[in-house]
Structure formats: structure tokens, C-alpha cells
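Common to both upcoming complexes is chain A, partnered first by chain B, then by chain C.
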Partner chain A sequence: MAEEQRKPKKRMTATKAAASIGPMVKEFITGTNRARAEGKRKLAYTFIVCHHEEILRAMDVLPVWTENFAGICGVKRAAERFLQKAESLGFSRSLCTYALCGLGFDQWREELGEMPPDAPWGGQARPDFMISSGQILCDPRTKWYQAAQQFMPDVPIYNIDLPHPLFDPKKDHREVWGYYHKYIVDQLRGLVSFVEEQTGKKMDYDRLRELVALSDRTWNLVHETYELRQAVPCPMGTGDAMNTMVPLCFMMATQEAYDFYVNLKQELEEKIARGEGEVEDEKYRLLWGGGLPAWYALNDFNYLNSKGASFPAETTYRMVVPIYEMDIPETDDPIEHIAWKWLGYWTHWYDKARNRPGSEPDVERLIEYIENYKIDGVVMHLAFSCRTWHVGLIWQLHQLAKIYRPIPVLMLGGNGKGDKVQRELPSLILESDIIDITSYSEMDTRNKIDAFIETLESVRQTKAA
Partner chain B sequence: MPEYFAGIDIGSTMTKAVILSDRIIAFVIGPTGPEQRRLADKVMEELLDKADLPLKALTYIISTGYGRINVPFADKQVTEISCHAKGVVFLFPGARTIIDIGGQDSKGITIDATGRTTNFIMNDKCAAGSGRFVEVIADSLGIDLDRVGDISIQSNSPAQISNICTIWAQQEVAARLAEGTPVPDLLAGVHRSLADRVVRMVKRLKILPDVIFTGGGAKNKGLVQALEEYLDAKILVPPEPLITGALGAALLGKEIFHRAVSKNQLLETKPRRLETIQIL
Partner chain C sequence: MSEKTAVMSRVDRYYEDYGLRAKELSREGTKIIGYICSFVPLEMITAAGCVPFRLRGNIREPITKGDTLMETIVCPFIRSCFDLALKGRYDFLSGMVIPHACDSMVRGYSAWSFSLELPYFHFVNIPSVVKESSFEFFQHELNAYRNSLEDLVKKPVTDADLSSAIKVHNQNRTKVRALYEFRKADPPILSGTELSKTLVVAASLPIHESNELLDEVLAEIGTRQESPFQPGPRILIDGPCVDNMELMKIIEDLGGHVVTDTICNGTRDNWPRVNENKAPLTAIANRYLAGINCPKTYRENKAGTFEGDIKARFGDIGYFSKSFKVDGAVLYTYKFCDPFGFEVPARKAYYESIHVPLLYLEDLYSAGTIGQLKTRIQAFLEMIE
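Right after this comes the complex of A and B.
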């Protein structure tokens, strides 16, 4: 059933902004290799959504986003040989395949003393140090770099712990978040000391403050830009958002990222003014309700588009809420602000969930998008190797079905009498992996998509009747 | 002049075809086989013989199933999800949930009173969630697939089959057999294992009665019993559970045709000519 490793068709984008991302990513990967050769800047392996980019950039450290590189290997259908390399070292294929790909690549590079042959976009540069963080979500993020130290014993690791209060329907998280804040601030100050030690430079706090302010402005701008996708027809879908997330996730605290969203916002406003949608004849509006995408199969978004399905919203990679909507204390200390921003984001849907008995924050987020973006159905992708996040998705769908009650539909039953029913929001669960193409079958996936489209159509016809 | 509608369901293991007017005129079921997917015309010939009709008498033809794109004379292709829904509600107007266990996959479908799909879930990744699981075990025990249901319902103490992989389960069954576990208990354990896996998948949907069981798996009494136990609900089985997809395809064809007529629309049809696609 495995899809052969042929070169994927290029995914068509709906926006110029999304089309510009490929060269941008290539540049920051080749840029890290140039920097490695020049030896003027320190390179750090690290992970996205850790709220530490401002600290790294303020100290001129160049991040090497290891998950991003694994994703690139996936997009280019070039991950398999690195996965096999990791397997030959004794790592199980059922571990996080981002980590496996990175470990296979690192071992190969260290063994050769140069990049493995035909390494995508010149390969992943060797780091000077590694910054891990499992937050409270993802254990491979903590263990990955520890395993990588087998091949790079001279490269030190610093782990930042970034917890947030777990949701409790009976308790206001603000009662305890002060403790969390103090802890996170300590963690981040520890990171500053570690980076100072590694770079031999002192932190310039004025510069840090400026970069934090720039990140805040970018956050707000991303939110405002993505909210434009509520328009009917939707000007940009999730397929494009899997590209436009790049500046948000990998280039925060840079003017380039801010400028990217200025341009994207303008492009979307122009498309809306022209009445131009992601698809020519928008029939169904879908929510990408979670899961990382199958990076080697982004063309499936085009396939869905070809059936009249647009994706106005997604939870994946949309890791922002506007600063002005966060109920967090003000502070002039940039480290303290980063910590509050972290807590503000992760607890953003807590109050809403508390106000709806039986609800949960993740489900509230789905409901918010379903309502605001006029959603007809939910698509999720279960990536077998990412248990930390993906196992919760089905649970979220269950919770959604229990809590969320769409408008009742009056239907004529077989007996000719009116029959009031609660219409389920149709959902499609795709199953494969983030980069392990052996778990994917295009034929089966598209058969499921066809069936889902027919389901959406039948719901649409019933509503119309 | 009477109107005839045909549905042809090319599944991974079996090919099913139905001709319908105001009732089912004829149906055929045969193995798909490695080449049969490309030889849908043979099935259609047999069906037309049985119905005593020429091909040109068919008003509209819909193909469904995994091989639906390999039916050159079909006027439209529709997925098996929609077709099963339509076929089942024709047979059981009170149906709201369908469980289908076929040769290579299993599915759960929820439907409304008109036979429209409201949600669905499919397992096409793993043989252990499909009829293939029972087939492999029956084969390794040297028992004809048609008999496994009757044998398994004699069990008073179903064996616990803990492996979730078909190949390992086959080994486990062999080991249990060597230990002296009676065959009915082994088969009952195999059915429970499959039922457990399928019910866990289907429970992702909102299961409402009546629950209808279709596909080749529904011919197996032991599997019906195990599913009822794990679902804790009564399950209904059509008289011929393999043809619901093909029947639904024919019904959809009828619906599409009459809708077009009522709107005075021209409906495109393929030339009524049977051609064998040679692939070797």
C-alpha cells in the first residue's frame, strides 16, 4: 500500500506569498551552512514554539530548526534513507519520524565528516550547541538532542522547561499562573546565561526589548491577516498556510517576518475586494482541525480544492492569539513579558471552556473557528509517529460531538413525517505520517476524500431542501 | 417502456452487480481476482444474461468500490460509502448506522432517513481490521471460510487473541492449537478480536440504531455475534449483505436520472458497449 517514492507534483498555491516561501526556506537552510563555513556566528539546533527566538536573535545566534529540516526532507520525498539510517542505529520506526530523520542525518554527516550525498538544500549544518524543550507536550523534543549527543559529544545541550497550568474546569488558572511565570522566567534567564557562555557575549537587553516588541507586532498582524480568511469565498486555504507559517514559526523577531505578513495581508485584502477565492467555485468550507500535515502529500490540498473544498482555518501552526486579547500583566522586562505571553497563549481558551459545562480548551478553539469561519466539515490528520499531539485529536472530535450542537435540521423521514435531527459535523480522519511515506497511499487517501466530499454534498442538499 | 438501472461494485476481493427497475431484477457476485478489476464487462455480461436484458436496455449505470474507475461503460462513479448508505436504507428504512467489513477494509457509516451519509470512518491500513484477518486464520486452520461462523458459535470459552497483527495472530493461533485449545474457541477468539478492533473504530462516530452489518463479514454468524457483544446492540443483516453497495449504486443512478428528467436536463451516458481492457 505504500506510495512509491516518486517526485511529488508541485502544489499550486493560491497566493503569491505562499509561493515565495520555498526560496525563503532554502535561503535560511543554505544560510546556516554559509554561516558554519564563515564561523562568525554561533549555530543552535532548536525547536519552534518555544518563545525563545528573541533571545537567540538578540545574541546573534542563528537557529537551525531541526524539525523544519526533517519536514523539508519529507516534502522532497528524501527522508526515507535518513529514517533507515536511524533504524540501523537501533531507533524504532515508531518513534517521532522528525527525530529519526534528524538523527539519521546527523549520524551520517558526523560519520562522513561532510554532508551526506544529495542532502536536501545542502543539508543541515552542524550546531555549536543545542536548545531542547519538550514544553509539557512533546518528549522527543527533550530526548532527540540527548540521542544526537552520541554522534556529537562535544556539542552541549541546554533544556528549557516551559510548563503552563493544565485546564481545570473548577479552578481559575490565574490563581496559580504566578508560580508558573516565576519558573519560566528562571528557565529563560538560565538560557540567557547559557547562550552568553557559549557566545562569549553579554545580552543587550535594549535590543531584546525591541525584538520582543517586533514579535508582538508580528503576532497581532498574523492574527489580523488570518482573520481575513473568514471572507466568502476564502482567499487563502490551509494548503497555503502550511507555507505561510514559515515566517511565524522560523523567522520571528525579524523584520522580514513582519514585512511578509504586511504583504500577505495586502494580497488577501486585494483578493477579497476582487471576490477571488482559493478555489474558483467554493462549495465547502473546511477546518483543518489538527495534526501536522503529511509533508510529502501536500498535493492532497489541491485535490480537495479541485472538488470545491476550501480551508479557511486550521489549528496547526496557527500558534498566535493577539496580544491585546490576552489578559496578561504588563511589564517592561522583556524576559518576563515572554513568559507571560507563553502563559497567555496556552491558557487563552480556558475561560471559554469553563463557561461551557463539559467543554475543554482545545474543543473551544475548534468551536470558535467553526462558527467564525462558517465551517461545513472538519479534517484531521493522524500521524502515527507523533503520539504526543495526534492521539488527542480523536478525543477532541468526541468532545466536539458531545458538546457542540449544530443547528437542528428538520428532515422528512421515511414515514413522511417531520423528523428533527441533530446534524453531525462531518469529519474526515486521514491517517499516515509527517514524513514517513511508507505509511501513505494516495489511492486510499483520495478514496476517503471522495467519500467525504459526497458526505458534505449530501449535507448541503439536505440543508438546501 | 421500463427503465433499468445498474450498479457495479468492484471491491478488493469481490465484484458485485445489480440491475434494478422498481425492484431488484438480478444480481451477481464473483471474485475480483488480480485481473478482474479490469474485466468488469464479464461481470456485466453475466448480469445481463441473468436479467435477460441487452446492455442498451440499461438507462443509467453507476460504478463504485475500489475499482470503480476501471468500468469504462459506467456513466458515473460514486464512492462505496454513499452507495452502501443508499442501498442499506432501501432495505432497512430505520437504518442509521452501517458497519461494513470487506475483504481488505472495514468502515463505519452513519446515515439519515433519506440514506444520505452524515459521517463515516474507514480502516484501510491494516489487514487485522478487515475480513482478511478471518480469511488468513481460517486458511491456516484448513477450514473453509463459509464454515467458520457456524463452528465459532459452538464456543463456550472464546480464546483471547492478543496480537494485533494478522501475521502474528496466525502464529498465536497455531501456538494455541498446539496447546490444545479447541478450534471453536480459537475462531470465536479471532472474531472477538476483529469485532473489538472494528467497534473501537466505529465508536468514533455517533452510533444510532438500527445498526446494519454488510459486506462479506456479515455472512459470518460468529462475527455478527461478536459485533453484537462489543456494540451491546442488536445488529441487522441484509439477506445478501454483499450487494448493498451495488444496489445503492443502482438506486443512486435511478435518483440521478429522475432528477435530471424532472429538471428537463440532458444526462450524459457512456456508449453501451462492453470492452475488455487488456493489461497484460
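Right after this comes the complex of A and C.
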């Protein structure tokens, strides 16, 4: 039996909140299909982390998160036939497999005039329009929908350009961010006009202001909730966080998302009070330091848990910093605020990085989490098809080891006595893909994990006081 | 040795010992600024009194050091350039400019800037869309770029400096166009390999020397009374940067002629001009944002139809195919190249619409694939002959 067809063992979650995510995702996928059938609301293909959810929701547009649908195909090990479809159209398998899965699916749906057979959770609804996003990263975000227009030429695109200043150790980003802000505001106002044109409705700015405030509260709450994971033992790990990212990435500007984190926070507080960790006997605290997960192999988190490894923090999908920690100008204009929030998030680690010689924002973030969450080692995942989140990881680990050596160990010196030296954190890079299961070997992955655990254990035993 | 042999021999020498002249200039105190992509506004570097230098990769050199700091999922061309830079092949550089082009370039920025430890490193944020506000933003960004160079050279870069740099770079583009003209004859007077090699070398020289070299090559080719080649299929190369000659050589060794292209170090670098009648920053912004047709830039589908969209996006292919009377095209992309990769089906459809037979090749920027390329190109040439 092909690996693709083998039903994966369900990952065990540490929290009830994480366990509740599956039905929630199913509902918003089936919900878009219901909305399509009813025809009352406009549907928009779009991407996460574009800071435009408030605008869409204020105008009653239902987002169809195309990365999410591809991820679901990955989780259900049902992506291969859509990837093959895309390949048959002339797309290389080396490209972003989320996009390939989406394009294969869309072409098939358009060809049939109905959902492809056995489409996961009823399939992905046809959009009324598409909102892509040229950012400072992720080429597929600009190219995916443009390519999809070959099969859906009648579906218009609005592409929002959302740049941010890149880190320069010698320059304060605030010297240039004024014109970045103006540009992003122009882009977002352009989006409002486009959506007004598509929906025939005018933007209700009071409603937008309320939704922006709700998103801000949710951001702060997510931060405060995730900070609880600093507790020893850690009450919730990255495996669960790959579920609890759903309201943050796909349901912002909704009360439901806010309530979800209220409940999660309460659940974590209760677990901490009971001294209940993600794993029963927590031996190693690991940082998921980068890379999207292999969605079809989330069980690997359980495998790591079984070795006494917990994941109190991750950089992936934790796309928030508390608003009150952001050094951004205040404004009553919701669009201007969204633009400042965008810049505030992307430049959040710049000042800290400038203050540590050899550091850089992504590295600085790793250091911050390592210190705050008492981390013993770093794990990353290198997905071959995604350059956006996976290029730079090797260099980050290299630079981290160069500038940050937090572990005191005793080494035998030339005089035969033990000398205390500082060493870097052990790290592990796993390799496969986000949804292309053909790139994954469970045996190789677990062998690598076993070797990494041995290293962690050896460090634990030689750690000097 | 005749005069014409002398100039082409010089091209060969500069091509084989790439960076030879830049190295000499660097020793004399000139600041050499490296770049990899068509999006880097070169006029600014020249206006600052520095020399823009296009980095090359090397398909025959295995990537070793580069792989210790950069993932193998990066575009193989960029990896090769990075590898050579790490190995010290470009140790004469005073700095580098990296633009917001593709993910491979942007996400690798820290690896480049921290590993090479050059005195100057600058990132130019090229907008992803072509709208009125994009031009305004881009002009601010160009100004920041200008300021960064002023800090390096410790003197102001004035509009007058920019205007004269624009002029001399436009002269360069005019000369390149004149070289392309020699390929309109059937069979062409100038081979694709000769032209591409000349362009690779020209991008490694100070702009005035580059102009002088092009003048000499033009003079030499101008002495050719008739084509030294046998008739054969006329080919257009479409794709990103192709700075090693093997692809052209394979086509030409098999009897074809590379007569034109839409590659970065070909027409993408050299065709669009900066408007000399506009304010320098405005004109540079227009040239590099609206003029450079790279798949990285999103261009709105104004036609509302797929056919209209591809005509607008790939019209340059149609223009070059017609002007140079091509018999077929090779769409040559690198593995892991998202900007070009996502356009392959649309480009194929466009070629079909203009009735130009197409061979699509996805390659690894490695000498290891030459054999495979030969087989596929041979079959293609036989098919269209």
C-alpha cells in the first residue's frame, strides 16, 4: 500500500483547546462551500499574515485560506494527486507545494465544473476574487493566483504590496519607515476600494475600527497565553501550537478567535497550577526554531515527547508581538494602525539585534526564546519546496552558535584538570516538505531524532554548575 | 594576429579570468560594488564613483563552502555565486547591493552580508507591484540607496552625477542593441556565444571601459562582410540569468543559432533605457520598476482574459521573436526558481499563441547536466528544422 494512502495515526494533543481545532477547520472549509452555494457573501482566496483580515471581515467577505486547504490535504495525506495534476500542467515539483496543490486542485475543479472526487472536507470553494500579497518574502504569494487565472480568467486579483525595511546593523529602521508606512497605507486603501467594487458595499469604518481593536486584544492575549509556556514543566508544546495557530492565522478579527485564547489561557493556567506538563517527565526543553511542519508527520512531535522532549516555544506561526511592546506611533485611523502594526511586528527584534554584535533579528528572536523558555536545544525543519521560511535557517544556526554559547561544560584541559568552557546549544535540522510526503522518511527522521536526544542527554550530564 | 582577433581574445581572457580588470582597479583604490540581478540600479553606483560588477557563478565548480551556510533549496545560480564569493573569488569587492528580487536572494541576504564582511552592503526594496504609489515609494528607496553610497564614498551623489551616469549607461545599452542587430541577418553575423560572452564581460568593467570594449567589438563584427556560419534554426533563449556559455554552445554546436533572448544578462539588462529628459530619480524608478520585465513583479491583468494577460506580460517575447525571425525558443529555468517556475504553463501558452515552437528545460546550473541538455536540444532542433 502506498504511504500516501496509509491513514496517519492521529497526533495526541496535550490540551483540549488543540483537540478542538480539527472540527473548527472543517467547519470553515465546509462553511465556504455553503456560502458559495447560498451566494449571499463574496468569497476571496487569500493568504495568512497579510494584516488584512479586519478589512475583509468588516466588509463581510469570507476568506478562503488557500494555504490552509493545501495544509489539510497534507495532514490527510491527500495532496499527491493534486501535486501530480499540477506537474502534468507543467509546474515543477521543486516549487512551493502548497501552491502546486492549490493549482492542481483548482484546475481539476474548473475542468470538471464541480469538486474533484473525494475532495478533502468537501473541497475548496471557487472564489469571487483573489487577494495576493507581494511581500518582502514569498514569491508564490505573488505568482500562485496569477497562475490560477489561467483556469479562472474571470476571477480578478488584487495584489497588496507589503514591504518592510530589511535589517541593517548600522542603520535605525525608523529613518526610513515613514515612507514604508505611507506606501502600505496606500496599498491597504487600494484594497478597500477593490473590495468595495467587488462587493458593491461601502466600508463601515466604525466596524473596521472595532475589528482592529479586537485583533489587537487578541494579539496581546495570544502573547500572554503563549508566555505561560515558560512554566516548568511546559503545559503545551509546539505540536499543539501547530493547531492553536488556527484562530490566530485564519480567524483574526473574530470574537471566536479571542474566546479561543481566553479558554486556552485558562486551560494552561489550570495545568500549571496542577504541575501538569506536555510530557510526564520533562527532560529536555526544545525550541522549534524555524520551518513549517511536515503536516503529514505531526506524530513526530509525539515521538519527541516520548523521549522526554517538550517544545515550550516556536518561531513558526507565532506571528504576534504584544501591541504594548511595539514602538509605533498612535493613530485613530484603523488603516494607518494596521500599517504601523505590520511594520512594528517585522522590525520588533531590530533594536535588540543591533545591540548584540553579530546578531540579526531572526537570531535575536531565537536567543530571546532560548533564554525566556529555558531551552536546551533547537529543532528546525527544512521543507524543500519553500524558500520563504526555510532559506536562512542554516545560517541562523551557524550565527547563533558563533555569538551565543549558553551552556557551561567541563572540558579536560592540558593540565589534566577540568576547565569550564561555554558551548553552543545542540541543534537538529529535519528535512522533508510541508505536504509532499514523497520527500519524507519516518525511519530517517526518527534516527536523526534519536541521535539528537543522545546529544541532549550527553550535554545534560556534562553540564557544569 | 589581426585587430579583430585581439579584441575577441581580450573578451575571452576577461571571461575566463573573470574579474581580472576589477581586481586591478580595486588594487588601485577603486571601489567595486557587486550585484547579481537586473533590478540593481547601476547608474547610482557609477554616479558615486564606484564600479558596478555583475557576479557570475561557475557551473563547473562544485558548490562546497556555500552549502555550509545556504540551503540546497536555494536557486542553484545564486548558490554558485555565493559559493564563489565565500571562496574568495570576489575578494576585491568593496560592497554588494542586493535587490528585492526573488526569495532566494532576499532570504539569503543575511548569509551574504554577515559572511562576506564587506564594508558596504545595501538592500534595495523594489516594489512587487507597478502602481502610482509604488513609484513614489521606490523613489524614496532610491534616495536611501543614494545616501548609503554617499556614506561609503564620503561625498555627495548629485543629480548631475546621476544624469551623467544615466547617459553613459544608456550609451552602453545603445551599443548592445547595435550588437544584437548583427544577429538579424540569416545566418547571423555574430553568434550567440560571442555576444553573450561579450555581455558577461561588459558587465564586469567600469562603464566607460565597457563602452570602449563594445565599440571595439562592434568595429570588429562590422568588418565581417558575410556571416561566417551555416544557415540553421534561429533560436530565442527565454529565462533568468544564463552567464555560462554551455547552453548557447550546445545549440550552436548542433547547428542552431541563438539570435536573441529575454534573459537577465541579455535583453532584460540591456534593452530598457532610462529617460534622459526626466528628473534622474524619477527616470531610474521608471526604468527599473516599469521597464524591467521580470516575473517577480506582479502586473495587473487589465485585459480580464488569460489571452490578453499573457500578451501583456510576455509581449517582449513576441517582439523579439518577430524582430529576430526566430524558428523556435528554449525556455530555460533553474530548479527552485518560483518566479519563473509558476509562469511556465502561461509562457507555454503564449508561445503557442504566437506559433513559436518551444523547448522547456529546467536545469541545475551544473556541468553535470550538459549531456542531457544536448540530447533534448538535438531532438528539438531536428523537430523544427
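Throughout what follows, the second predicted complex is superposed on the first by the 449 of 465 C-alpha atoms of A that agree within 3 Å, B and C clash if a C-alpha of one lies under 4 Å from a C-alpha of the other, contacts with A are read in each partner's own complex, and residues count from 1 in each chain.
The criterion applied here is as follows: a contact is a pair of C-beta atoms (placed from the backbone, for glycine too) under 8 Å apart; a residue touches a chain by one contact, two chains touch by 3 or more.
The model shown is predicted, which means the values in this text are computed figures rather than measured ones.
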Chain B versus chain C as contact partner of A:S441, first or second or both or neither: first
Chain B versus chain C as contact partner of A:Q461, first or second or both or neither: first
Partner, of chain C and chain B, that touches more residues belonging to chain A: C
Partner chain in contact with A:V262 - chain B first, chain C second, else both or neither: neither
A:L112 touches, of chain B and chain C: first, second, both or neither? neither
Touching partner for A:H398 - first (chain B), second (chain C), both, neither: both
Which superposed partner A:D450 touches (first chain B, second chain C, both, neither): first
First (chain B), second (chain C), both or neither touched by A:A273: neither
First, second, both or neither for A:T388, with chain B first and chain C second: second
Contacts on chain A seen with chain B and repeated with chain C across the two complexes: 394, 398
Touching residues (chain side chain B, partner chain A) in the complex: 66, 78-82, 89, 93-94, 110, 112-114, 116-122, 124-125, 204-206
Complex contacts: residues of chain A adjacent to chain C: 89-92, 94-96, 99, 132, 134-140, 142-144, 146-147, 149-150, 153-154, 156-157, 159, 161, 163, 165-168, 175-176, 179-180, 182-183, 186-187, 190, 358, 360, 362, 382, 384-388, 390-396, 398-399
Of chain A, residues touching chain B in the complex: 1, 394, 397-398, 401, 411-414, 419, 421, 423-424, 426-427, 429, 431, 439, 441, 443-444, 447-448, 450-452, 454-455, 458-459, 461-462
Chain A-touching residues of chain C, taken from the complex the two chains share: 68-71, 73-74, 100, 102-104, 106-111, 114-115, 121-123, 125, 127-129, 131, 133-134, 136-137, 140-141, 144, 295-296, 298, 300-301, 304-306, 309, 333, 335-336, 338-339, 341-346, 348-349, 360, 362
